[in-house]
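Structures follow.
There are two complexes below, and they share chain A, which is joined by chain B in the first and by chain C in the second.
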Partner chain A sequence: MVKKLVKYDFKSFFRLLFPVQMIILGIALINRLIQLFEVRDSSAYSWIFTSSIVLLVIACIVCMVMTVILSVVRFYQGLYSSEGYLSHTLPVTPSQHIFAKLSVSLIFAAGTVLTIFVAICIATFGEVNIELFKAAGYLLGKGFDKIGFQMILYMLEILVYAVLWISNVLMIFYFCLSVGQLAPRKKILLAFGVLFGLYTITQIIGTAGIIIAVIAPEWFQNLYDVIAEFAEAHRYLFSHLILSGGALLQLLEAAVFFLISKTIMKKKLNLT
Partner chain B sequence: MKKVIQIISVFVLAVMVSTILCSCIQLDDLKNNRAVFLNDDKTEVLFRDNLYKRIQLKGEAIIQNETYDGRLTAADVPILLAESEGSAFSYDKTADVPTLLKQYYENYSSAYDSYYTGTKVYCLESEYDRISEINSSDKFDSMYIIYSKDYSDEDMVGYNHDYQLVYEIVSEEYHDAIDRALESDTETLIDSEEGAKSEYLDLTRCDSETSFVKGIFC
Partner chain C sequence: MSELLRCDGLCKNYGKKVALDHISLSVENGKIIGLLGPNGAGKTTLIKIINGLLTPTSGGVMINGMTPSVETKKLVSYLPDVNYLYHWMTVEQIVSMFSEFYEDFRTELAYEMLGRLGIDKKAKLKTLSKGNKEKMSLILVMSRNALLYVLDEPIAGVDPATRDYIITTIINNYNPQASVLISTHLISDIEDVLDDVIFIKDGRIVLHNTVDEIREEHHMSVDELFREVFKW
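Presenting the complex of A and B:
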């Protein structure tokens, strides 16, 4: 049943995002064709080329934003609007619902990243593209020479961190929507309020921490010294711990939001 | 389905055509200004398909129309990383095949980590014997006049003038007169009133202590 859910969501994402991704590739092609008319020290060419680059960048940003917005809208429409009446009659648990929505969102987020990558390849196709790959290969090779297999670990950790970070961002939105639907009226407004409240709380905690660290640095001096000593003695282990710790934190945060959203969906569903 | 395949085919053809028909001017400039070391001792360099050999000069080599756009790298460094991984060198920008290349700094790890290792000069292989002969002789038969010329606007006052060094070969008929002037420690100086353009001249001759010229600049 989850497979069918995923398939259905996949189709609705595809219908809306695919044309946008094709537009990005089209703009990249136009950018490449403009380079046919490259003339040295021509302000007209420079203006047109720069404009096409700016257009490509804006298109990429719009696609990324659209992917997130679509994920949030599909979650709300599929589970908390009139479509939710049908969704919640299916033999699927709330966890499976959330997991299906999250999976499809992650797949299309990866698709957006791939589209942007292909667009950059098209816009630089030819000698420039080859030189870009050569430069990337050289830097990777240099990295491997310098730190060996640690490079592979770093790459894996960064990839895992990126996936967990995107999942966490989406789970925050799902959490806000789930809390929002508890209200009898103006559910979306409450969802925005929850998002704003979350942001404000994290900013307050962060700022308080910075103020304390600035006003009374001696409180943390011992801790700083221990951390600095450890980092100096075990440079690679320290950086792996930072990355893995960050990824774990993202996972824990996402898990908390997942559990709260699931509980609300299971016990406090309000589809009025 | 047929229509989708047609659209994709047109798209791919357009990308391929654009690739074949054009190159990037900036990339061509980077390639044109890049030299590579041919051996591990860094005594041979390939620049614009010409071989250059390291030459130990007795003094400083002066390059007319000097530009510092050149980047000297190992052969395996990609062209896009020449700026950060390479060392800067200068050459005569008006010459298709410059005679001399001058490397001032060596890059050890990155663009922000360069060390002055003394000027290293590389000479075009076909000119190597001629330059070596000049370098090894005790007396030279050319004199250069070096002066500082003010290229600022007429209304410019104060010390933000645009001074540029100009090198010109002095005609042989003046050599003896210049020798006599130098022997008597005579200097030619044009005084200027405040706010007016000024030039300072210093005449020197090539001698055994320098390869080409020695000068004082202001």
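Presenting the complex of A and C:
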């Protein structure tokens, strides 16, 4: 069932995001063509060239923002608006619905990143491009020479962390919308309220940490010393622990929001 | 006859407002039942609870002996009173979606009915007229070989010709072993096809009887009795 849900969610994303991604590639291509017909010391040329660069940057930003907004809007529309009457009468569990929406959002987030990367490659095609790839290859080679397979582990951990971080951000939005739909009216407003509440809680926790650090500096100094000593003795293990621990925290947080959203959808659905 | 739907002491409150007040009813198979009541009587709330779209404040619902779940969704074919289809899809895509998700969906029957209406398979749902959207939704719902059809206001807001089409489609296409629960306040249009009627007022069932018994006991049509019961 998840496969079927993903198929239809994919279609709903594709029809909106794919054209934008193609536009980005188109602008990048135009930018490259402009560079090919360079006219030195021409103010008109430099205006056109700068405009195409600005346009490309704006298109990339719009695409990234649109990916996030679309992920949130499709979740709300598909599950808590009139489309929810169809979605929730399909023989599918709430977990499957959330998982499918999350999967498609991640696929398109990856698609957006890839599109932007390809657009940069097109716009810088030629010497700049070759130099950039050479530099990246050199840095990676150096890394492998120095730390060997640890480099692969780092790259893998960073990738997992990025995926889990995006999943967590999306799950926070899903959670807010799920709580928001409980309201008899002004559901979106409540969802924003919940988001603001979560932000406030994290700020309070952060501030509390700073206050504790000010009140008991010795305790923090001791903690810092212990960590610094451990990091010095086990350099690689320490950085792996930081990356994996961070990823695990993202996973746990996302799992909590997933479970709450699922429970709300299962036991407190309020399609009014 | 077996019991398809059972509600026991069903209550639903929206804040202080009581939408359903201890509703208890039983629906057997092979019947067309009219859920009749004025606007705001609680018909849609009851239907949403049956379909698992709302959670009751107290009491319970059983569909074929099961509480609303993925398993009951396989048995119930539901037509809501809102335009619920994914508007960006084409007719062909939505038919394909129904056939993929519902094992009991009869694709040939759906296309046969759509063909009779002259609805283009390639047409986008958002380009269909209001009447055709209503018909499209009904065709999808009635193309399932379900055990219980729950239709919320299927004939509201459409012209008389479309109303006749909808009623004929319901009668001709429902599984005879199944039951059809139709909520409406347009009784005269639908009275002749009903076996049983349930009158609902202020969230309470005020009458649950067969159409024949109503006519015998009260010497009036269901429509006339409805006007009598719900007189201001």
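Just so we're on the same page, the second predicted complex is superposed on the first by the 258 of 272 C-alpha atoms of A that agree within 3 Å, B and C clash if a C-alpha of one lies under 4 Å from a C-alpha of the other, contacts with A are read in each partner's own complex, and residues count from 1 in each chain.
Going forward, contacts are C-beta pairs under 8 Å (C-beta built on N, C-alpha and C of every residue); 3 or more make two chains touch, one makes a residue touch a chain.
What you are looking at is a predicted structure, and each value in this text was computed from that prediction instead of being measured.
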Side-by-side fit of chain B and chain C on chain A, or clash: fit
First, second, both or neither for A:Leu86, with chain B first and chain C second: second
Chain B versus chain C as contact partner of A:Leu243, first or second or both or neither: neither
C-alpha centroid angle, chain C to chain B via chain A, nearest 10°: 160
Touched partner set for A:Val2, first chain B, second chain C, both or neither: neither
Chain B versus chain C as contact partner of A:Val118, first or second or both or neither: neither
Partner chain in contact with A:Leu139 - chain B first, chain C second, else both or neither: first
Which of chain B and chain C A:Gln35 touches, first, second, both or neither: first
Touched partner set for A:Ile260, first chain B, second chain C, both or neither: neither
Where chain B and chain C come nearest after superposition, their Cα distance in Å: 17
Interface residues of chain A shared between complexes with chain B and chain C: none
Contacting residues of chain A [partner chain B, same complex]: 25, 29, 32-33, 35-36, 38, 40, 122, 125-128, 131-132, 134-135, 137-139
Touching residues on chain A, where the partner in the complex is chain C: 1, 4, 8, 11-12, 15, 82-86, 88-93, 184, 267-271
Contact set on chain B toward chain A in their complex: 11, 14-15, 18-25, 27, 76-81
Residue ranges of chain C in contact with chain A within the complex: 14-15, 48, 51-55, 70-71, 73-74, 76, 78, 80, 82-86, 88-89, 93, 97, 100-102
